[in-house]
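The chains carry the letters A, B, C, D and E, assigned in the order they are written, with residues numbered from 1 in each.
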């Protein structure tokens, strides 16, 4: 694998929520991650694992109750956490863009879609409203919307779910970002639509030399669509590896358990296993150092007190954070 | 094979005037005693509507419905609550959280059908409730909790407990695991399979997730635009789909890379995922 | 497009008819439930005895059976005849026509002030939900709504007119010494402006300040609360999050939120306006405002059936018109709202 | 802080209504022309009115008129409104459409004038004021409950209740209404404030309670006559208490609204 | 207009609304205009109309002429009061009483015209009287002056008009000076008459048809009426005021405020509690005139138990704190009608103070004698519109009767209902005030103490009184008349169908400098003699 300067570097990112009833929940704990230019990375975890919060942290769109307690985020070398609000506004959309889960609610319901794309273009350097409008139509055509010039005048509610997600992609791609984050972008869509949307993202990423961060709970989807998969459990990154390798040679007990719980074409009921227990309450005072501790069948006292080191494989591609890896 | 449930020529339209559209457009369904039937389709295909009609929670426009040989389709859904077969046909909903009265404890919710339909009282009732919840694998300390105090997986189990409390002969499940994490889903699937086996319940499992249907059911019906486009044993349909729509559905599923051919680079880390 | 709009308006107007018919029947019944006998009220001259009262009853048609009376009333209504008011001696239709603009003007003025004060506060509060400012705004608005109109009215007169001489005297719409401008809209403030009569304009505007303020205080709480709620909803929405994520400038993001809060706000303003029109009865009384509310109150106290019936019909009609306008505006503000149904 | 203060205010008013006569320094009905229109003093905290009655004592005593009257009106309209609204919202169909029409008609009325007409028609008494207040609040309950029930009748737990063999009566009364009780509670607390305002508004135009029963609105409107002659206290004390009462109810409603509506909270 | 100008203009307007000191009427007004504020406005222009509100009487006074007017006497500098024993010509240049009062001849002013320019003829006068005795709104009042039949009204020639009477009646001339005897433009009205409405009543209600000193130039019912001088008016000295703006301001406080700020020239219906305060204001001149033809009273329905027993009525009278009631209700602004020392009438005048004082012991024994020693329950009613005065009375009565174990419920009856209830006689015990057009005692008695109508508030039915009244009606010997009426007064003293409390005071606030105000029975303003000093 060619050694490229990473596009995005996240180091030891820790993030906490202030809880309404007092106290704090440690939502992300020392998370480190790189994304290379043009790489497709999947961040996989169960609901509540902190994967969506991570995406919002990258964009600095966290709400007021969230606080980044440690770590750094750099995109193309630029320190995101210390960038001015104005600079952040420039970076959003232009350097890193995101597609959210629910296209039906993520589009401004009362603006014509062409105009929404034009708004993004105008926010990112386009000066002429006419040109913006023309490029908006082009964008729509690019994401595969038939009769784009006419459809540009449609309102979101006049479009089907798949079309809306296409429009969302067009919006995200409008300012040619370097990194596209797809946050559960296909959850809730039919499998056929999901395949179509993923094809489109893949296609566009390739055409625009864009890196993608696919945030999902669906390991199968991640494995099919991404170069590399990072697995997150209760705010801790437990393992990251090239997709095929992760599926076949997972080293973290959690990754393994996740794999045996995921039904796929080859599954039978007999070889499906649920993961025992639940992810720990991140607001608890006595969180074990390894948050998978309570659910793990390989746990020792060590796991409770000492945070596992991230150990990399010889080529650095397979990283696992476990005292007792498989 | 004994036929338990049979529906013929089911039709159901929604909307008025020019917006009138058939969500179910001439569907025949037969469910055998103790069978696990899968109903697959995309959103808007009419599969959930069929589920509601089968559970007699929704009136159909046309067609006849026989349960245990008895015509039950003539009785309107509004009056279904008083019918003797009510206890025999139960349903589990997709949104387990929304399916529980937020004010009641889990055990009270589970007790409701027992009190209303089997008229259990006192110890017998408590016993039946706890038995159902135990069967569904819910830990005893959770029985007295309110729905919002439970996790999604626990709620799903509670929902199943309520549905099986009456020992129904037909259980309709409308995407019961769609909102759950895979880590929990597997457990629920095992549970359902055990229950079907132990209680000899027929199940109709409505879902868009073909991988889930495949592991649980023996027979599958694929729906598109209110019609059944393909029907057959799970293995056959998935291995060699006959209808182009089924083909498309299967093709859209994420590919799971085969385990063969990838060397394990780190010693001692080998993990055989598919230990056939 | 235009044809569909017209057919929508026509269809809506048709749906208003049952409301108006219902209002007519209800008012008629309630007025006939009143124990008061208009004939006895009218026969207040000394010397008028039972025979004269009976004659008056006959003249007023009160001796007929209720269904016949209703039939006659409905027949009159169909011919645009609202009957005659005992109190003013005028045809009710004329009275209402003259007085409705004054009431509308007052309600508009009140709503305008409430909007100008309440909306920015609501938006500001929505931008910092849960903050001290938010809490203070809400408490203030609730306090404003907790004051009965007549208390505020009398207090404002005492303070602003009597003590401080800031406001002109609370005796109607315009200084009587000034000739009122030619009626175009019926709103004196606008008419005087159209006529270019600045003295009349100043007088009309000045006299509107206190009564509108009184009305506005009452409307402030709902305006603020609903603006805040609509904005909080809009700001918490996914599309706002995604527009932030796309790097849209704050100004535009706020505009997105405002546009989306538009339809609920229009609906709210419609509701408040209609409510104000019925609720300004007491305020009109306090400020000698020549509106329909004070007219109806006088009518009620004088068993003036036609006047009260006419008033309620007119308010119901205005209510319907406002609803129609609200629907049209909502359809304009939010393309999702269908013009059908 | 807010929840505490609204609860405290409510407690204060309940205490006022219950203990009022016991703590009132004077007989609220006893007149003393020699003491008429005395400004506030240590003896008369709110001063005295035109008949020399102690305004403070009258204000205290008025809580016993206004609070039960408002409560009665609200209970009446909520009982009827909830039953009708729930039946319509759950059953839908033709009855629902007709009730909807009637509610539309009622909402189109200038409600205060309707209240005045009703009191005039039924006779001028507190009972009829309560009735009129109940009637004009009715459409709000019907509309609210109808919408809330209609939005819930297809929910999972209603379906589950149907599966459990529950009849419609059981579902409406034991499942749906208890679940919208918080929403109704919000409406009730807001309505209590309106009811007090309505009662006082009617008093202002001379309708309502029979003299000499003290009532806040009547006290304020009596006092308003003396503002210009400089006897501001006759109106001020009762005004403040009236405002505080309405404020308390609204605040409680507001608080309840926050507590029960996830959309507007934070 | 440019948009900018509009903006500037509105800014200026908004600013001027809040300038620290607004130009007041005093600075703006000229000496030939007047601004009058009243609680309610006129509702008709038909002097014979039914349901005419009292402010309309002022309208009739100013827009129509009568044949004659009352004389007047000065009661304070620049303030006059009508005197209905004296008459001056108005439309009639002169008049003669002929044939022992059986024939009244009027010589009309030759030059007089109506507002439309047509001359006033005797035919117009006759038609006006014909109309007056035909329409129910006026015929009963005119009948009190023996004016009942169109045949009585005779056109001698275009300038001479006669009224023929069956016998001389002292009430004829006073009636001719009332607004009911206004002279109307017959041709104008007839042109608007219809078959179903031969007297043009529907038209005249909304239009004027006269030749009075003022014409109406703006009529906004319930809001304001503008009167402009009719410069061709011949029936008296030319009025000084060119224009009068009559405005309706329902809230008493606002009227007082406008008066005190100098924004109003005349304010009527001042609240009694404000009088002392206003009178102290050097910018206001308060006129207080005792009203002799109006009285406030408590009435008992003598046909309803327990008020059928005169002793019950007397007991209540003895229990009441009259002085307190007068103070509480109207701040002492009234002429007491209680507290006479002797049970015998002082003279034949009516109303006069009744011989009742607060004597609880006596009240108790009377009540016991009537068999109500343990008290009873009853309802005391009053009209909501009368609240300001009646409520204090009711409260004091309620508390005064409590020691007698008379449990009084106070009932406020809506204004609309009040007339109905009084007519139907369904209120047993109530507070009311009323007035008669003339002060003669027999006139009062005929209205208030006999007959089956609303005005017999006590439902009094006393054969002795009836005989006395019949005798007094045509008695021309003053001594005999007085003797008859003294007896009548004695009967109502003792029988007490109604308990008079006081006669009110007419109170109006003027801007200083306004002079020549004449007080009339109806309490409305006659603009014709008014002028600025």
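One rule holds in what follows: contacts are C-beta pairs under 8 Å (C-beta built on N, C-alpha and C of every residue); 3 or more make two chains touch, one makes a residue touch a chain.
It should be emphasised that the depicted structure is a prediction, and the values quoted were computed from it without experimental measurement.
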Joint neighbours of chain B and chain A, given as chain labels:
none
Give me the set of chains touching chain D intersected with the set touching chain E.
C
Of the other chains, whose C-alpha centre is the longest way from the centre of chain B?
E
Distance-wise, how many Å sit between the C-alpha centres of chain B and chain C, to the nearest whole number?
55
Could you give the separation in Å between the centres of chain B and chain E, each centre being the mean of its C-alpha atoms?
87
If you average the CA atoms of chain A and of chain C, how far apart do the two points sit, in angstrom?
53
Measuring centre to centre with CA averages, how many angstrom lie between chain B and chain D?
49
What parts of chain E, by residue number, touch at least two of the other chains?
253, 257, 260, 384-385, 414, 416-417
Could you list which residues of chain A touch at least two other chains?
none
Pairs of chains, among all present, that meet the touch criterion
A-B, A-C, B-D, C-D, C-E, D-E
Which bits of chain D are touching chain B when the two form their complex?
155-157, 159-168, 170, 175, 178-179
What does chain C use to touch chain A in their complex?
237-239, 241-250, 252, 256, 259-260, 262, 333-336
Enumerate the contact residues on chain D facing chain E in the complex.
29-31, 33, 36, 50-51, 119-120, 124, 205-207, 210-212, 224-230
The answer for chain B against chain D in the complex is residues 55, 57, 77-78, 80-82, 86-87, 90-91, 93, 95-96, 98-103, 109, 112-113, 116-117, 162-163
Tell me, which parts of chain B touch chain A in their complex?
42-43, 151-153, 181-190, 193, 208-212, 214-216, 248-249, 251-257, 259, 262, 264-266, 268-271, 273-275
